[in-house]
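Next up is a structure, given as structure tokens.
Chain naming follows the written order as A, B, C and D, and within any one chain the residues start at number 1.
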Amino acid sequence: MNAVADIAGIVLGGLAAGTVLFIVSVGLSVTMGLMGFVNLAHGAFAMFGGYLIVLAMNRAQYGFAAALALGFFGTAALSVVLERFLYRRLYRAGELDQVLFTIGLIFIFIAGITIVIGPEHQTLQLPAALSGQLNLGFIAYRTYSIFLIVIGFLIALGIWLTFERTRIGGQIRATVDNRRMAESLGIDVDRLFTITFAFGSGMAGLGGGLGAEFLGLDPQYPLEYLVYFLIVVSVGGLGSVIGVYYAALILGVLNFALTLYLPKGGTIFIYALTILMLLARPRGLSGRKEQ
Amino acid sequence: MSKRMIAALAALAVSGGAPGAASAQEVKIGLILPYTGPGAELSPNMDRAIDLYQKLDAAQIKPFKLTIIKRDSKAPNGAAAKVDTQELLTQEKVDVIAGYIYSPDAIASAPVITAGKRLAVIMNAGTAFITNLSPYYVRTSFTLWQSSYVMGEQAAKYLHAKTAVVAYTDYPPGKDALDAFKYAFEHNGGKVIDAIPAGGPGATPDFTPFFQRAKDEHPNVLFVFVPAGDQATAVVKTYAALGMKAAGIQLTGTGDIVPDNMLQGMGDSAIGLITVHHYNADLDNPQNKAFIAAWKKAYGADATPDFTSVGAWDGIAAIVHALHATKGKIDDGAAAVKSLEGWKFASPQGPIEIDPQTRDIVMNEYLDQVYKGSDGKLHEKVLATFHNVKDQCKALAIGPCAPKK
Amino acid sequence: MSVAVSRAGDAAAPIANPAARALMRRHRLRWWEALPWLAGIAFYFAFPDYLSFGCDLIVTILFALSLDLALGYAGIITLGHAAFFGTGAYAVGMLASYNVWTEPITALLLAALAAAVIGFLSGLVLLRTAGLTLLMLTLCTMALLEQAANMGHAYTGGFDGLPSLPIAPVFGVFEFNPLYADTQYLFALGVLFACFVFVRTLVYSPFGQSLTGIRENILRMHAIGSPVRRRVLVCYTISAALAGIAGGLWAQTNAYVNLSALGLDRAATVLIVLILGGYGRLYGAFIGAVIYLALEHFLAQIYPTAWQLGLGLLLVLIALFARGGILGLGEALWRRYGGKLSQRRRDGPTAP
Amino acid sequence: MTKIRLETQALSRRFGALVAVQNIDFKLAAGARHALIGPNGAGKTTFINLLTGVLPPTHGRVLLGGRDITAMAQAERVKLGIARTFQINRLFRGLSVLENVCIAVAERVGAARSMFYPAGRRTDVIDEAMALLQTLKLAEVARHRVSELPYGRQRLVELAISIALSPKVLLLDEPAAGVPSAESHIILDAIERLPEDIAILIIEHDMDVVFRFASRVTVMVGGALFAEGTPREIESNMQVRDVYLGQAPYRAAHV
């Protein structure tokens, strides 16, 4: 096997794995950075979106794109309801109360999905155009991985432009930096949070569907992958979109390479890498201030 | 002191209820399955099999009446299963214990079963040495050594493979599968060139790096074991997406990578896979035909039983046999176990027998291939049948199955 | 020497002040503190069929108590406390499984020692951080240990664990009973009592007071010259040792040990138990463990497939309506309804 | 009388490109009542942080009673007698006033290490804390949670904690900041009644307070020492007026 193809395989595989984590986690980073809200139930939104997408395709014969849109907006809508009626009450509470609340929410989601849909695993049926392999010239690679990498890049770019170029993005950045200051400048932080929370949850829902090909989808989803989402957010830095993007991609590629060459190490690498990165940069790659 | 009193009370209660009651004698079966947690998706298929048996073979059960008391073994770590076992025995005073999907559940409960002196039928847990842990354990499911050993043998003999890469979930069944495959394959002239631990039994890992590594090593076959469930689909999809078939690598495994109830969801990627297992829903025997027909009638045309269902079906059949053999005194665990030693049964999976020495199941293994039928659905056809396969781990006294010094 | 005293010419009798009196009396035993132990003994006689569950309950209380020391008193938010529970469990389990050491009491001390070593070493590195970073570092450290235990399956039994551990009789006399778990229960209750007395003493000591100070305002503790880092490390090590005892006790009462001793499930559950009961309150561990485990256990018997819904609702409701967990809710209610009267009586007319 | 308690030599601190404190030579005499003034961002708080060991200096030395303490940790400096208050309250908000002070006293007398007997038995600690509260007229709220007190009283607790350390050098960072003027006098009264042998350095914006309290004033601007003298000298110094006293609107908003 030639070296170029080897390296390309590693990079593409790692980027695809990292992209999935990025799409699901980016919302968590922003909401935690913005309000300091420890939303462990973020994965539950991803699961909810994933179920919407997969069920829409399998049972209601939606197309892939339409199902993705449904997943995004459906999850965002649900999150707005929960945010207005429940999350809102806990903004000023301690982080441990938030932990209790969001873990309880995870249980409710797990039980709800198990009761309504059933405990079994759901399978995503990719459209024919996205399955199989794509020839890139120097290497033929899994089409869906390349599709994911491109989508992830577009999303990261889109969010970054929103943050840097728009009014609302500026407000978000100001609030992440210093909430009290932002409030005194007349920014409606509550409204801002509802919007970002909805958007972040919608992204999670989208990620739940897009990532189902790799992560699978069953009622245990919010607990199974919680650690990975938290790792990406903490290594990336709270409230930093670009940080989370880099963290997801770096961890994805490094973990992929190490697993490929040293499979006996199992999951050790991801944890060891996280510990090393956090000891070196306790506030994350491009972390703004904590809390 | 209080211990003795309780034991006496328990004995009184049991003996008082047992013999020659005029109406149907009630037999309490404590059923321990994970109804929540990672194993939750496996339980319904076993529950359904147990319900179906009682409906279909009601005549067999008479004059007894089975009362099933269900308990949730929760996360697959043995903790809840052990407490469940203890309370079913002491509080509910059940006559028989059944269930156990995950091996740690059966392992943790072993001392309780031994002390409780009741028959316990393992309906799924597959770690080979479990039956050594308590003289009251009887297993109607399988061990990984049974299927993987045959697969290793046939990879060399039937597929004429010279080299193999093994990818396995990094927990005891996975290691059993690896050991069995490797032992049989290498004793038949093959060579396992790499063994890749591919993640744990919980979260589905990204199989791409593992399969990428396997692909780069160009083996004749890739042998995979993952727990039946969410991971199976990811295995088959990743195999297809990486173009490994085109690269001349045959995917093989135990039947766990093509569970019957998930087969249709895998799509065309699954076509051509070769596996060894003791059951598939397409098996051509009268018991299975009746079983499938009844299943689809009861649970819908799209519903399919799988090997876990058959393990539960056979387990209940074993309990009913022990009931008759002991004339209702199934709560005498030693007698119940004795009555099952050498027991033969025509199961939907073909003829089975309980090995009198090990109390483990002896059964047929089938070399299967997935194909697309004329109905547009995926099916499995049997390429070869291997009769009366014993658990090779105990037969060869290897590793953890070797008698402890 | 003391500025204040030298100037306090008019300090007639500071002891007479109710605040001082309250502080001096705070560590004294109150009548209701006997209740948990009476309940524990009553449980033994009333529910002989549930003693296995009772053992799990006691182990969880002890584990939550150890976490309370770190989280509730020193303010160390960790999601990796099962690392120490698991260390203790594996210490006891491996010693017993290979027939090296089966005497239960000394084995627990060894478990405490092993866990303390891991706690001290990891604390030395990790406790410099705070917040989400600390949370993730403790979690990842635990995951590393878990993976190490999995990779060393030849010795640890991996996922399946080490089965049927031989445990010697307590005091050489009382055999563990695998079916009714009565000996185990009393043994566990005794261990819990000893550990509780230790923790209670610690919490009301000047050391415990300074830990509270660290939780309340770490910068201020630095500014009054407290060796904060050392104190937190000492506390973390003690907490780890107690968690190790809880883990060892778990291995002994269950006669097996497996990977679940080290997992995120266990670490998260104990955190929830403690928050639910009320952290930093000593008895929060008791209340939380009893409510959580009893609900989980009995709800699961009635609704094997749907009990998580009930548990989830409870957690959400407590989080929404009871700051400081169930004990916090109790305190708030007491202050509102029951407490006014008795407080007025104690304080006399000076209280505004 | 002219004995020097605290001294800095060429003390500097940078944050990246920003020089927050620049080459400061400063002396605080025993029993001094010294005010440190300067516009916002002049580096006053950073200077205090360097004196107490919160931050290490990038250059220069700190001497306490002639002894070089530059390399010492904050805790060791406290043991040698440097105490401070913060510009923003740093209190144990969930604890009672008495406990707040007790924790400080226990730390000073070395009781805080003890694990195996109840804090309530250290009546010496409680007595001392209680006596201190009486001198500061906080005894009647000793039982109250700090978070329940009005802000002015909270500032007083902040002061009480630092006094409980029986310091030789006391650094007060805007002790009356944020306190309504109706209440600020209780704090100033308390400061005035402190033992005479303590050397006090007070950061203050309110010139009335400075005049009432300080016998010497140092002006800091842009991280460097700008002027030093008696309050009267400083007041009549035209340059000081330009750079600092000219910022009247800021003062008004702040005080």
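Here, a residue touches a chain if its C-beta (ideal position, glycine included) is under 8 Å from a C-beta of that chain, and two chains touch if they have at least 3 such contacts.
Because the structure is a prediction, the values reported are computed rather than measured.
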Can you list every chain in contact with both chain B and chain C?
A
Which one of the chains is closest to the middle, using the mean of its C-alpha atoms?
C
Top chain pair, ranked by how many C-beta pairs fall in contact
C-D
By mean C-alpha coordinates, which chain is most distant from chain A?
D
How many angstrom between the C-alpha centroids of chain D and chain B?
73
Whole-Å gap between the CA centroids of chain A and chain B
36
Roughly how far is chain A from chain D, centre to centre by C-alpha average, rounded to an integer in Å?
47
Could you state the distance in Å from the CA-based centre of chain C to that of chain D?
39
Shared-interface residues of chain C (touching two or more other chains) are 150, 305, 307-308
What are the residue numbers in chain A that touch two or more other chains?
110-111, 114, 119, 264, 266-267
Using the touch definition from the top, which residues of chain D touch two or more other chains?
none
Those chain pairs that satisfy the touch definition
A-B, A-C, B-C, C-D
Residue ranges of chain C in contact with chain B within the complex:
45, 48-50, 52-53, 56, 150, 153, 158-161, 163-164, 177-182, 254-256, 258-260, 263, 265, 297, 300-301, 304-305, 307-308
Once bound in the complex, which stretches of chain A touch chain B?
1, 6, 9-10, 13, 16-17, 110-111, 114, 118-121, 123, 125, 131-133, 140, 142-145, 213-220, 224-225, 228, 256-257, 259-261, 263-264, 266-267
Chain A-facing residues of chain B, complex:
35-38, 40-41, 43-44, 170, 196-200, 202-204, 206, 208-210, 212-213, 216, 229-231, 233-234, 237, 240-243, 261-262, 265-267, 269
What residues on chain C touch chain D, complex-wise?
1-8, 10-11, 14-15, 17-20, 22-28, 201-202, 204-210, 212-213, 216-217, 219-228, 231, 347, 350-351
Chain C touches which residues of chain D in the complex?
52, 54, 74-79, 83-84, 86, 90-99, 102-104, 106-108, 111-123, 125-132, 134-135, 139-140, 142-143, 161-166, 193-195, 198
